[in-house]
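So that you can tell them apart, the chains are marked A, B, C and D in the order they are listed, and the count of residues begins at 1 in each.
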Amino acid sequence: MANGTMAALRKSRPAPGLELDTMSAVPGIGPRDVLVAVRYAGICGTDHHIFDWDEWSANRVPLGIVVGHEFTGTVAAVGEGVSQVTVGQRVSGEGHIGCGVCELCRTGRAHICERIDIIGIDRDGCFAEYVAMPDHNLWVLDERIPDLAAAIMDPLGNAMHAVSAAQVSGRNVLVTGSGVIGLASVAIAQSLGAARVIATDVDPHRLELARHFGADDVVLSSDPGWVAEVRGITAGEGPDVLIEMSGHPDALSGGFAALRNGGTAALLGLPKSAVPLDLSNDIIFKGATVLGINGRIVYDTWYAVERFLLSGQLDLDALVTDVLPLEKFEKAFALIASRTALKVIFEIGAR
Amino acid sequence: MANGTMAALRKSRPAPGLELDTMSAVPGIGPRDVLVAVRYAGICGTDHHIFDWDEWSANRVPLGIVVGHEFTGTVAAVGEGVSQVTVGQRVSGEGHIGCGVCELCRTGRAHICERIDIIGIDRDGCFAEYVAMPDHNLWVLDERIPDLAAAIMDPLGNAMHAVSAAQVSGRNVLVTGSGVIGLASVAIAQSLGAARVIATDVDPHRLELARHFGADDVVLSSDPGWVAEVRGITAGEGPDVLIEMSGHPDALSGGFAALRNGGTAALLGLPKSAVPLDLSNDIIFKGATVLGINGRIVYDTWYAVERFLLSGQLDLDALVTDVLPLEKFEKAFALIASRTALKVIFEIGAR
Amino acid sequence: MANGTMAALRKSRPAPGLELDTMSAVPGIGPRDVLVAVRYAGICGTDHHIFDWDEWSANRVPLGIVVGHEFTGTVAAVGEGVSQVTVGQRVSGEGHIGCGVCELCRTGRAHICERIDIIGIDRDGCFAEYVAMPDHNLWVLDERIPDLAAAIMDPLGNAMHAVSAAQVSGRNVLVTGSGVIGLASVAIAQSLGAARVIATDVDPHRLELARHFGADDVVLSSDPGWVAEVRGITAGEGPDVLIEMSGHPDALSGGFAALRNGGTAALLGLPKSAVPLDLSNDIIFKGATVLGINGRIVYDTWYAVERFLLSGQLDLDALVTDVLPLEKFEKAFALIASRTALKVIFEIGAR
Amino acid sequence: MANGTMAALRKSRPAPGLELDTMSAVPGIGPRDVLVAVRYAGICGTDHHIFDWDEWSANRVPLGIVVGHEFTGTVAAVGEGVSQVTVGQRVSGEGHIGCGVCELCRTGRAHICERIDIIGIDRDGCFAEYVAMPDHNLWVLDERIPDLAAAIMDPLGNAMHAVSAAQVSGRNVLVTGSGVIGLASVAIAQSLGAARVIATDVDPHRLELARHFGADDVVLSSDPGWVAEVRGITAGEGPDVLIEMSGHPDALSGGFAALRNGGTAALLGLPKSAVPLDLSNDIIFKGATVLGINGRIVYDTWYAVERFLLSGQLDLDALVTDVLPLEKFEKAFALIASRTALKVIFEIGAR
């Protein structure tokens, strides 16, 4: 904040890429807002879509925006109406900002508010020295949570939301897609008492990682017989629960085909277009329950993630593969595109 | 049962149509089975598919089978191991016969047993003077339930299963498809405490019926603006619950588009082929819950239907439009095909 | 607010009674608070306990406090950090003010926050020309809700919370205690789809009222055979649900004895001292579920009450028996003590 | 079965003690019944009450009855209507025999049937060379389940029922009472994903065992400050879940006092008489949920116990401390009375 200027990674042009700018001022705050000095910020698949400027981004994201929504940092300033968060506290934040007045917001479901504002997508985000948010959206960190974990409570929360909603305790669980959120889901499912966790991916290396994160069985989903293999692992019955993290049509159709009658599917991976589903056989005759999972329940999911992190059941070092300064953003996005990295994090400020 | 022979409506040839045969014997019963003298039997859409010999029927139904699965009658004989049902009792029956030994059967979910046997589809059904079933599948009737209601507890149970599972109490409910089961769903949703029930159909006459059965609002779903109309009725928010009874792709896509964020969709209508769904927008971002509904929960659903019938909240006369003898089966199926009839029932034996 | 003074009904002395004072100033407000000009305020049983200065009051309530927690009024002023409530809006309010930072407050359960502050009990309440509250605790009223209903959304919410939690849809319901909240519970249970509602009271007049509010059956609980009578009404099985609104040991023991095996009891009435319960027979062998009900879920319950009021299913005129000016507070409390009145409301300001 | 006679441990006289008799015949079986040659049978606290002939036993148990309800054995004969169980199969059995025709029996809640018949209490039990039961009540064993585990699936099922119902996944759990079922509850809570399990007992040796079975923390409940100690372990908030296995009034009142606001208590331990409960503070203001737990859900609980046993998460050797022949029944009951033994099992027949 030398002279009040601020480094920020922005989407400035309607084309692939991002720009590292020096903005002339830090974000202003209203009476209920908080200014956070960002220390670490995680890169999400969504950020990569914005980098690539795909169709979804072009339709949704306003040019000029500061990107990024996963972060940790320190409270630098608070509005005059803020009393429950204080300068100097170490925080993470819920990037989905509900309107606050609709029924969904006022009944514990702000994550699906129809007028949701998301930092880094609809308003300035956290790939910058400072980010401003309503105090309600800040999560004060337990001192035992390491900074790198604090930076990714958002995607860990996606995994926790899906796994918790699907009620895995005592049940056999299939996780399709072993990326960052899929791997976290494997570890979370084990911690929440799953009987057996099966993970899939098209990449054998990711399957090794899935084992490392706690999968009892792994199945290569590029193998045409993968659905039968999953059913074989579950004594021919199929898993009780499907946690779908890939958004890929094959994972969806295969996952539903594998699912046991009466089973539950939690869907978080986003398909790029409409997916043809055999509703009769895969959902209706099967008596299945399908749960759409979006964001995190505020703050049920955050408390659950905190308990999970404090339990020590996540190998954070294995999940966060790269930490880079903001200047190396081109390399950071290249690492994600290569699929050799898992979670890549920007180091932005000092603690 | 003159001379032990029996009239029965069978699927004898791999072509459209059915045949009214005189079979040489009534069905035999094992030690745990019951023989029922059929009094009334309802015609279901499934029976019509078998009549038409569509692709599904040709792949599933064995030739020579006696068709029909909705009925009421009187116990004519019981196996030597049967003690809880006695000769002369008036009964209806659950036509889905589970294997009895799998986990689903033994945990209250026999309706989704993977080895289910359905009367009139997989084994001889009830369009006959007699039908045989395991005693476990019989429902002894309360004396206050009229015969014509007893004959259709199966489809009323489909409606009850869907509406109950979706938890409509205090919520705004959209029923797409105002056929027999859709109309019953409207009445059941009201009896279970829905705040407001909206019904759709492509047929204006069916919408009048929907009002008669208790819909607060009706919407013609052949109108291109029907989804906006539904949202308008619910103050722009969309219904909390979708009860999908048509199986039509437009009703599915429109129903999901109308559904409120965080809402619940219970799907019972069977699409004829794979349906392309915008999973990202209609289920995942929306945080929706989708319930596949198949058959009836044995016997939770039956008790609920009994309570509903005893409450007097169903206009049975309006639902059962035609009662015909088995001999007039061609006319009966023509009535259903014409869509002018609602429920058509065969009168087979005397009480 | 002539000269900034304010009339207020306060508990000034550690003895029975209240005092109508002229306070030298209206309540001050912080940046997130709202000042409400009170129009109507309802008298609750709790207020009567404070009037009487019973043991509970003497241990909990600070002397000098302005009493009262049920109200409606108009926003007179807002703090500088308040943007979602504006001057002139008609409001009611949630009197339970959570700490805002504990896990319960941040996961939709502020009503059971361990550091709850209740207006009229722990801090100044609404039997005054003005009351101040955090904006988060205000409920902006739909214009179709009448003032007298708006004044009692708090106790209607108690009833709604209990009845909703017990899941009455399609079930037989016993409401023990036909006071204001019990009578509202009867009407709410019917609107939420109860199969049959049975109400009890020791006062035959209250039973007439219970019928008026929708009870299918009423039972005089001073009759020693009342439990058998309740079971008889439910064909010997007992009600599926008990809504306990009296706090009386006989209602509790009788209600549990009547309850069907596997049934649910929602307890809201507060016993004055420890109650001996036959846990083995009444809860454990019975496989019962018991729900402690406190306050209202913020704001799930409020939305449900709003829907209920807009449905027109409550006879408000029958529930609110008396409307008096603040000056007649002695008469108001005498009316409640006499049990001839139901809800008594103070008219304080003009609209 | 030499000459068709059978050794059996019976309650023959209205006084303390049991008698080992030679009965003149093995039990007869009806068309749906199965005769099991008993191999092992576990002794339950209930058997000890019958041995002692306490007030409950004297009021409930008919003289002459064969005692015992936990067992494993081999199918020796089946009735002519039995097809799903065959001679030679290794089985355990659900000793609670529902009437089969009531709503509870027909909706998956036979364990709380009002006309329940329990082997060893209401009809002849399994402390004998043979026991007869309806085929519906037999559980065919997976070959990987050892005999001694198979003999105690009933009490393990009590623990599983309580822990499952209370939904411990991700939550802090307090188990009061570290007897056989309490210790099993500790192990089951860990396997179902509890965040932290705290066990109490008045006996320090039992606390050591609780640690061995997986408790994270143990608290001596004879210490007057034990409730505060439990709250301290949970950062002052109290456990989310109470699993009450002792039936002791101090454990009940202390457990409820410790329980977090909004928490869930599953009660299985049977108090000997009415327990005074501070309903206002411990249940109502707390917003607690209380679940009465009786028997096992047939067969949801049995499948869950099977999964748990196959997971290898129970130290069976530590739980079963003594295996004795039927002739040493006096010693067996003395071992239980001494509280030095945990589970004591009779070895009756050969495999």
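Everything below uses one rule, namely that a contact is a pair of C-beta atoms (placed from the backbone, for glycine too) under 8 Å apart; a residue touches a chain by one contact, two chains touch by 3 or more.
None of these values were measured; they are calculated from a predicted model.
Participant: Does B-C or A-C have the larger number of C-beta pairs in contact?
Facilitator: Output for the comparison: A-C.
Participant: Quick one: compare the interface residues of chain C with those of chain D and tell me same or different, with half as the dividing line.
Facilitator: The interface of chain C with chain D is built from mostly shared positions.
Participant: As a quick test, compute the distance in whole Å between the mean CA positions of chain A and chain C.
Facilitator: Once rounded, the distance between the two centres reads 41 Å.
Participant: Any idea how many Å lie between the Cα centroids of chain B and chain C?
Facilitator: Distance between chain centres: 43 Å.
Participant: Where in chain A do residues touch two or more of the other chains?
Facilitator: Residue numbers touching two or more other chains: 103.
Participant: Okay, in this complex, where on chain B does chain A touch?
Facilitator: Touching chain A from chain B are residues 103-104, 109, 111-114, 237, 247, 252, 261-262, 267-268, 270-271, 274-280, 283-294.
Participant: Give the list of chain A residues in touch with chain D in this complex.
Facilitator: 164, 167-170, 191-195, 304, 307-308, 311
Participant: If you look only at chain B, which of its residues touch chain D in the complex?
Facilitator: Its residues touching chain D are 30-32, 79-81, 84, 100-101, 103, 106-108, 298-300, 303.
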